[in-house]
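First chain A sits with chain B, and in the next complex the same chain sits with chain C.
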Partner chain A sequence: MSAPLRGRILPYILVSPLVVFIGVLSFVPTVATTVEAFFRVMPLDPPNRFIGFGNFRALFANSVITTSWINTALYAAIGVVLSVVFGTVIAVALRRRFRFRGVILALVILPWALPAVVEAVIWSWIYNPTFGVMNSALHSAHAIGGYHLWLGLDRWLTIALIEVVQVWQITPLSALIILASLQAIPQELYEAAKVDGAGAVQQFFRISLPLIRSAVAVSIVEALVLSLNVFDQVYILNGIAPLGSSVMLQTYIQTFENLNFGGGYALSLLVTIATALVSLGALALLYRRTEAV
Partner chain B sequence: MKNLRGPYPAGKKPYGSSRRAASVVLAAGLVALGTACGSSGGASSTSSSPKSITVAVAYPSPPAAELAQFTKETGIKVNWVNIGWDDLQTKIAAAAAANTYFADATDVDWSKVGEYQKTGWFYPLNKYFSMSALKPDMPQLDTFVSNGDLMGVPFDASFITTTVNTKDFAKAGIKTIPTTLPAFTAALKQVGTANHMANPLDIQLATAEGLSTCWYQMTAAFGGQVLTSADSPNFTSPTSPGYQAMSWMVNAYKSGLVPKANINTTDYDGFTTEMAKNRVAAALCDYSGSVGSIYNVASSSSVVNQTQYVSTPGASGVGLAVANPDGIGIPKTAKNVAGAVKFINWFTSTQNQATWAGLKGPKNVVSTFPLPDRLSSFNLLVKAGNINDASQLAAILRAHAQAPFPNGAPPWYVQFSAAVQTNIHEAAAGQETVAQATTAIASTVSQLKASG
Partner chain C sequence: MKGEREEAGGVAVNARERLGRAVGQAAAGRPGRVVSAAPARLIGRLIAIIVILLWSLFPIYWALNTSFTTLSGADSAPSHYFPSPLVGTSYSQILGISSSSFGIATQLGRSLLNSAIESGAAMVLTVGIAVFAAYAFARLEFRFKRVIFVSVLATLLLPAYATLIPLYRIMASLGLVNTYLAVILVYVSGFLPLAIWILYNYFNAIPKELEEAAFVDGASPVRALLRVVVPVAMPGIAAAAIISFLMGWAQFLFPLVLTTDLSTQPVTVIVAALNQQRIVPFTLLMACGALAAAVPGILALILNRYIVEGITAGSVK
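Coming up: the complex of A and B.
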């Protein structure tokens, strides 16, 4: 074999184990899930049989599941906006070197490193209506007259407070992605802008923001994927109550609690399609704009 | 069902992984792959190794020396896998649906008995164990029987009970715990005032299995069961025990007897922490075993030697206690059925059940083990005098522990329980009335029965 030919084949040989691994663990189950989404697969009602779009029709006729779609859309909207905004603010604040920057960076990363279950348990104590820090702080600041039960009574408030926990967890990753991008911007650009009389705000909007758009796009996709798949925080803070239920929680309930595997596959498929479409849409939009800058 | 034992329900053990969402999709995909591949996995049963078995339960292993003794007696090596309760239930369903081997003996929760009987995922154990011989010694055996099939053998005894802080009650001048709910309610108000406790009673009201179980228990306290022997609703009439129990629970919350946070406390640890930190003076629907394993643990409890079990107060006297044991069975995909039968016999024997509970001292105890499943084991412990309140617990077990449902848990129990949790929770939160809640649950039962 000639050296050029060997050079062309080598990369394929090197990536082939990974391709096989991903194929077995991801692609094949995805195909199987897609096929079985069109079958009635219920161990309590055998045998398995083809029902076309029956599972999908049943899902859309189920008010708890339609509610969970709306809830999930809200989780995603709040999650993306807040995590990207806070991530950008944190990244800008940490762009320049200063004393204890490393320590602060480590503290910022901490919520991302913690398991979601642990975070949800911590926040359940913060929201505790009898002795939670949130009640205590608001009461001390005279913002509320008495201690409140925050979760489980009002749908929108419950969703907002659960999403706060999710944002707390995913913001560090956005901050890191954006910080890496910020640090790649040449310092000369800022110095030139300064000479031209640009202030900090102008520097951010005229220099930083256009040049970190790709990183922001990646952060948005990351936040979208995590928010659309939110599970632990909802389950720990709200149980299985429909009030704040997410689609991923419903997928679990359909599949492993109700043993309606066909319905679970159909819902998994819909979540996958929704996640892929929204993520690809966000990427396409933002990357195009980046190129236009 | 114990799905409340940890951040997440038996139960709900601090259940759950931090990347659960991804696991759900991956597990669903893998199950789909398994079902799509047909029944090829079932052939694995012919390749069994008679020299070992895998036991997968949400339980710590017995001491290594005891397992070694089993191996010495039978020649079978035990591979013990301790998995969180929630994850184990998912694994059982996924493996069964995909017809794939994962264990020779595994957890059979009482709530899954009807499901396993109908799906055929587990072997009925009737031909391996004599129900008539076991029944007199195992009062909770019925909990694992569905349509005459013994789907599992209890490997501990547990029941729902009430715990009280006797010091708090004494401070209010109450030396004898009332046996009726009206008197108990009045006493709690006195206790709250005397101890400056805003909310002296612990009840689970979050959307978790503990809430369903509590309703069954309170219904038993009012003298009934929530389903009839034909699995029909038995709680829609305002005079029925189920309706009255739900009303009492909702009123207890709305009147401030129960801490506000209980509506969102989904894990059992959070529930028992209230009692352990002396923020409440009584816990209804507590598990037998909590006093020794939680409230008397000095490192995490401030009520050591202050709590005791009492029979749950009822409408007009002491109520029945609902059984809540753990069981072990043999999945159809097991490779070594004979070995699994030998293990279950050994694990649930009179001597070993007493050993797990402390007969031979702390070295041989299985941690978190609540109570022995056999009365004969209790006799050994009472004789040895080395378990807290052994005679009291044995008396409750013998005379008062009843199965949650007259015909075993129905196949659609999980959906039923979800409806129960959701609707009682919403009634307590003021989002619907008790009448609406019972109607909604009854409607769910009708749909579930109609769909088979």
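Coming up: the complex of A and C.
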């Protein structure tokens, strides 16, 4: 083989394993999900046949599933707000160099690095109704009169407490993204503001916040994608109980418990579209606001 | 819009360098610039850092606290904030040194091995494929380059679960359910986009002149990549590797669906199953959790520099 020819086909050789993996294991399945969402697919009760929007109609007629959509919106709202606010607080606290900052940063990352399943098991013990430390601490502080059953009674409280577990895991992502962006701001801007008599709060809102907007936008989108797809924490802390159930959990139940693959496909397709729309929308909105400044 | 993105990218590279340097300095124990702040502000910062550390570490501490005590020590109200009594019986039961009634020793040992094999192999394959592809995207010209690159990165926004059911059916039709191969292949397809993004950015930050010297000496692009670029890009490669490994170790839904018994089930699936039995005491569960989290936890503490590198590269687009 001549050298120029080898040079011309070399890039294709280098990217072909990637193309095969993504093509066969990402694109083909996504197309399959899109197509099969319009089919009746029951592995235990063949044959499969085209039923148009039949799967979608069945999904919207099922109150457990419609409720899980509202639950998921709530998971996402809590997840985005808490993880981005906490992430910003952590980033601001760690912005300047000081002794042991590297060590603190390493410890802050830790919840992100551990498996969500293990974390959820730990939090289920923290929330335990009879011996959980949350009950114990709140009781010692006289915040509650007696021990409570935190999960499974009240829908909103259950969702909020489960999402806290996910927030605990994903906050380091926002913190690191925003920290990187904060550290790109020249120190001179803060010095100048100080000379003009601006306090810490003013410095944050006048200098930091406008300049970290794109990082905040990215954090919001990451938190959105993660919390719209919350599964592990709900599965461990709430089981398959309908109260507090997320869309992702319902997809799993439809498909692998009820063996209604068509329904699972339709639900997956809706989640995928919703995730894409919401995250692209958030990105567009926040980028436009960044440009306007 | 386009200009904005490029500017954001520039900031990211700049920020990453500064962050890396800052972390390195702080880790080396050098105090850096002494901040001349009022005592009130210093105290405020100290309180903020204590709260941040409590938030980040208390649940981990709580798991360890429970794992190092007896059942009666853990089942107490009010809770003991330090293990009392302090014993290691949970761990000796799990490790099979003393008798355990739940068969945990076998399950945990085997599933930890499965996790290591699955996430280790997925890491090696992901990085191996991504290094060559990212180099082609960063340095070589070819048709459909942009289309392929954008399509690959677009799958980052795709929820992984959009592919769950078809992947299960593909693996089932190939007879691969409950094999390491199925789990590894699915992981690699999921982790490749982020690895590509991290490495692409890293390769782009390396000056082209570095390889040009090698080309003058008659080296092929692949030779230049392996001999010149890869050694310089080691931090980026390490970032892609450690993040792929951690993502693999944390997977739950995919192995829950793709594996059916202890021959392939990773530790996340086993911990969830033990938790679901509702009879395994929390002292044992917390010890299992601690062992399942030990590998990623220790890796994250040692290699946190590369994780910061990878997360900020993969996120600030």
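Here is the rule we go by: the second predicted complex is superposed on the first by the 273 of 293 C-alpha atoms of A that agree within 3 Å, B and C clash if a C-alpha of one lies under 4 Å from a C-alpha of the other, contacts with A are read in each partner's own complex, and residues count from 1 in each chain.
Criterion: contacts are C-beta pairs under 8 Å (C-beta built on N, C-alpha and C of every residue); 3 or more make two chains touch, one makes a residue touch a chain.
Fair warning: this is a prediction, and the values are worked out from it, not measured in the lab.
Q: Please tell me, clash or fit, for chain B and chain C sharing chain A in the overlay.
A: Result for chain B and chain C: clash.
Q: With the two complexes superposed on chain A, say which partner A:151 touches: chain B (first), chain C (second), both, or neither.
A: In the superposition, A:151 contacts chain B only.
Q: Tell me which partner A:50 touches in the superposition: chain B (first), chain C (second), both or neither.
A: Once the two structures are laid over each other on A, A:50 reaches no partner at all.
Q: Which partner does A:257 contact after superposing on A: first (chain B), second (chain C), both, neither?
A: Once the two structures are laid over each other on A, A:257 reaches chain B alone.
Q: More residues of chain A are touched by which partner: chain B or chain C?
A: Result: the larger residue contact count on chain A belongs to C.
Q: Who does A:60 touch here: chain B (first), chain C (second), both, or neither?
A: neither
Q: Give one of first, second, both or neither to describe whether A:124 is in contact with chain B, with chain C, with both, or with none.
A: Once the two structures are laid over each other on A, A:124 reaches both partners.
Q: Could you say whether A:230 touches chain B, chain C, both of them, or neither, answering first, second, both or neither?
A: After superposing on A, A:230 lies in contact with chain B but is clear of chain C.
Q: Between chain B (first) and chain C (second), which does A:238 come into contact with in this model arrangement: first, second, both, or neither?
A: First partner only, chain B.
Q: First (chain B), second (chain C), both or neither: which does A:205 touch?
A: Neither partner.
Q: First (chain B), second (chain C), both or neither: which does A:33 touch?
A: both
Q: Report which listed segment of chain B has C-alpha atoms clashing with chain C; options: 163-171, 289-297, 307-315 or 325-333.
A: The listed stretch with clashing C-alpha atoms is 289-297.
Q: So which bits of chain A does chain B touch that chain C touches too?
A: In chain A, residues 25-26, 28-30, 32-33, 36, 115-118, 121, 124, 128, 130, 132, 147, 229, 231-232, 235-236, 239, 248, 251-252, 255-256, 261, 264-265, 268, 271-272 are touched by chain B and also by chain C.
Q: Would you mind writing out the residues of chain B in touch with chain A in their complex?
A: 7-8, 14, 16-22, 24-33, 35-36, 89-90, 93-94, 96-97, 115, 118-119, 121, 198-199, 206-208, 259-261, 263-267, 270, 279, 411-412, 414-415, 418, 421-422, 425-426, 429-431, 451-452
Q: Can you name the residues of chain A that touch chain C in the complex?
A: For this pair, the touching residues of chain A are 6-8, 10-12, 14-15, 17-19, 21-22, 24-30, 32-33, 36, 86, 89-90, 93-94, 96-119, 121-126, 128, 130-133, 135-137, 139-140, 147, 168, 172-173, 176-177, 179-181, 183-184, 200, 214-215, 218-219, 222, 225, 228-229, 231-232, 235-236, 239, 248, 251-252, 255-256, 261, 264-265, 268-269, 271-272, 275-276, 279-280, 287, 290-291.
Q: Could you please specify the touching residues of chain A with respect to chain B in the complex?
A: Interface residues on the chain A side: 25-26, 28-30, 32-33, 35-36, 41, 43-45, 48, 115-118, 120-121, 124, 127-130, 132, 147, 149, 151-153, 229-232, 235-242, 248, 251-253, 255-259, 261, 264-265, 268, 271-272.
Q: For chain C, which residues are in contact with chain A within the complex?
A: 1, 4, 8, 11-12, 14-16, 18-19, 22-27, 29, 31-33, 35, 41, 45, 48-49, 52-53, 55-57, 59-60, 62-63, 66, 74-79, 129-130, 132-133, 135-137, 140-142, 145, 148, 151-152, 155, 157-167, 169-170, 185-186, 188-190, 192-193, 196, 220-222, 246, 249-250, 252-253, 257, 267-268, 271-272, 275-276, 282, 285-286, 289, 292-293, 296-297, 299-301, 304, 307-308, 311-312, 315-317
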